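Okay, so subunit A shows up in both of these, paired with subunit B first and subunit C after.
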Partner chain A sequence: MKDTYQAIVKKHTPKEDTFHNAFITFITGGLMGVIGEFLIEIYQKYMNVPYKEATTCMLITLIFISCLFTSLGFFDKWVNFCKCGLIIPITGFAHATQSAALEYKKEGLITGIGANMLKLSGAVIIYGIIGSFIFSLLRALVGIV
Partner chain B sequence: MIYLNAFIFCGIICTIGQIILDNTNFTPGHITVIFAVIGTFLDVFNIYDKFILWAGGGALVPITSFGHTLTHGAIQGYNEGGILGLFNGTLNLTSAGISAAIIFSFFFSLIFKSRD
Partner chain C sequence: MTTKYNNVYINETATVVGPYEDKGPLNKYFDKAYNDLYFKEKTFEQAEIKMIKESINILKNKNKTEKIDLIIGGDLLNQITASNYAAKEINANFIGIYAACATSTLELILGANFIENNLVKNVTVFTSSHNNTAEKQYRYPVEYGGPKPKTTTFTVTGAASAILSKTKKGMKIESGTIGKVVDSNTKNVFHMGAVMAKAAAETIKSHLEETKRKVDYYDLILTGDLGKYGKKILKEYLKEKYNIILKNYNDAGTMILEKKEYAGASGPACAPLVTYSYVFNQMKKGKYKKVLLVATGALMSPTMVNQRLTIPAIAHAISLEKVI
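Entry: the complex of A and B
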């Protein structure tokens, strides 16, 4: 019985076109990288911002754009189309934060937005901090600083 | 030329993520966490700095750069203030991204409504 059920599930699961997905992701992800580099050059050339600050400005601009578009409602469709091309760049982080905040808005300011805003993107922050702590401690102990 | 490098680097990182997503049953959350941790590891031997020199913005946009800046800040803090600096400096360089995401999404969620 169980085997036949598994077989039926396998038959009706929609088949993902791996090659097609990978191609679209390569194009859109590459375009995100080009946009990032383009923004850095604009900040450097036309606003005379030093390189380090220009990279920060670029990240903040991308986060602002993806938060705004998620609130306006059409960023979800883009993510469905581009998949990892928009999830892996910093836009995915902002998208996760913004959509969680919008979803839990009706539960109130503290218990809704405040408690759930970092529900999805909190994992990235937590494991990033733990990983960087372990690796930088290792590097400090081995003494290759 | 750096635009081409940025396109290739960011595209390849995203494609690797998409291939992992298609062939396993990980969610996008798993993928972003894996890539952030890979980024923290790549900074240990200053490998990621070379990627940034080569690809510019293309290496700064993916989430791996988030992990890279975390480790970078921690090591910078360690050089300045020992073990205590490790705790002080971890979020030093990344705070702009985290704060921006929290601030913008708070104010936008006050203004806009969820649309489902």
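Entry: the complex of A and C
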């Protein structure tokens, strides 16, 4: 009987619009890249910041903007619309951290914000570090050979 | 397991809702609405406590209750926090229960047993849920949002309460069926309709069997919070497996909100908010004479979901009749 039920569930579960979602993500993610490039150019041209530092400045600007928008309460609607176009770039990481911090701000600085801020984004940090360690190791090994 | 009651009535009801429900199609039936999710409190949890207290106060005033003998309540939070904290400020003997979104009908069944057996004179029942406290506990932080599949349901914000006694007024509780925990072999936390529809089907079937009734005995069969896809699953499953064809059927989750991006509303307060406002009103007017309310609960624990186990579900049914 289990199979009958599963078959009925499958029949009445709507399909997600993968193509539509991918298209929106492609456009919005691309736009994020354009905005990033634009910011780097501005920092380089008008503030005389060297390329490497300009990249960092661009990241900080984007983090600041997305944290601000999250706190103002409308960034979640943008994320819902743009999906991975905003989640994959640094904006998604900032949004996840900031929203968790907001959620727990009334439960104390240590037990609330401190303990829960990285609830969603902690995994990104952990696997980011492990990933970069493995790839650096590989690069070092290839370099030796 | 079905129990028949001869002399139990829901005398009066009270509902307090949040901003989304107030914008929904049933808004004129609710007693009080807030346009702020904080309900003028500091946190969402405290807002939920306030909702419960307000609904009980409204109920007391409406029914002119002098003394509450027993109060039964529940909500969705860990340690049924909102219920316990609200009960702290109401001077009455208290039973806190948890049956996820099937809490409301279980309360009515428990309360009806106390009244029918003359153990107490009156019982007050309440149920609450708050969208943001539920999101925080079961899903993501509120401001995170996050893309959701089409089958996702939206937890209602509201508290509903009712008072039961032997006084012949309001709606009659004719019988109640306690359901079994059913595993529908579903792991998808964003498709609660699929998790709960099987439990609803089993409870409806055993209720009809044990009372020896046909499905058209009822003017309305109302499930709690299956949503628009769960509704279709329930209908087809009942037809395929038990040859029961649901006709006068609706789902409270699809009635209370106007949010097209979701499959419907959910939460323990969903079924009682619709029943204690709209159904209660329509029954008084005579539109409905016999209603079967089947509240469905997904007994979901984020811990067990992370351990890759399926989500069990339960449904309890209660048969309501117009007082003649």
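Rule of thumb we're sticking to: the second predicted complex is superposed on the first by the 135 of 145 C-alpha atoms of A that agree within 3 Å, B and C clash if a C-alpha of one lies under 4 Å from a C-alpha of the other, contacts with A are read in each partner's own complex, and residues count from 1 in each chain.
Just so it is clear, contacts are C-beta pairs under 8 Å (C-beta built on N, C-alpha and C of every residue); 3 or more make two chains touch, one makes a residue touch a chain.
Because the structure is a prediction, the values reported are computed rather than measured.
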| task | Report for A:Leu102: first if it touches subunit B alone, second if subunit C alone, otherwise both or neither. | result | both
| task | Please work out whether A:Lys83 is in contact with subunit B alone, subunit C alone, both, or neither, and reply first, second, both or neither. | result | both
| task | Mind working out whether A:Ser121 is in touch with subunit B, subunit C, both or neither, as first, second, both or neither? | result | first
| message | With both complexes superposed on chain A, which partner does A:Ile8 reach: first (subunit B), second (subunit C), both or neither? | response | second
| Is A:Gly36 in contact with subunit B, with subunit C, with both, or with neither (first, second, both, neither)? | first
| task | Decide which partner touches more residues of subunit A, taking subunit B and subunit C as the two options. | result | B
| query | Regarding the shared-chain residue A:Ile129, is it in contact with subunit B (first), subunit C (second), both, or neither? | reply | first
| message | For A:Phe75, using the defined touch cut-off, is the partner it touches subunit B, subunit C, both, or neither? Pick first, second, both or neither. | response | second
| request: In the overlay, answer first, second, both or neither for which of subunit B and subunit C A:His20 touches. | output: neither
| Intersection of subunit A interface sets (partners subunit B, subunit C) | 16, 21, 70-71, 73, 83, 87, 96, 98, 102-103, 106, 120
| message | Help me check something: in the complex, which residues belonging to subunit C touch subunit A? | response | 42-43, 136, 140-151, 184-186, 191, 194, 197-198, 229, 232-233, 236-237, 240-241
| note | Listed in rising order, subunit A residues that touch subunit C in their complex are 1-2, 4-6, 8-9, 11-14, 16, 21, 70-71, 73, 75-77, 79-80, 83, 87, 95-96, 98-100, 102-104, 106, 119-120
| Footprint of subunit A on subunit B - complex, ascending | 2-3, 6-15, 17-19, 21-23, 28-29, 31-33, 35-37, 39-41, 43-45, 55-63, 65-67, 70-71, 73-75, 78-79, 83, 86, 90-91, 94, 96-98, 100-102, 104-106, 108-109, 111-115
| task | Using the touch definition up top, name the residues of subunit A that touch subunit B in the complex. | result | 16, 18, 21-22, 25-40, 55-56, 58-60, 62-64, 67-68, 70-73, 83-85, 87-90, 92-94, 96-98, 101-103, 105-106, 113, 117-118, 120-121, 123-125, 127-129, 131-133, 135-140, 144-145
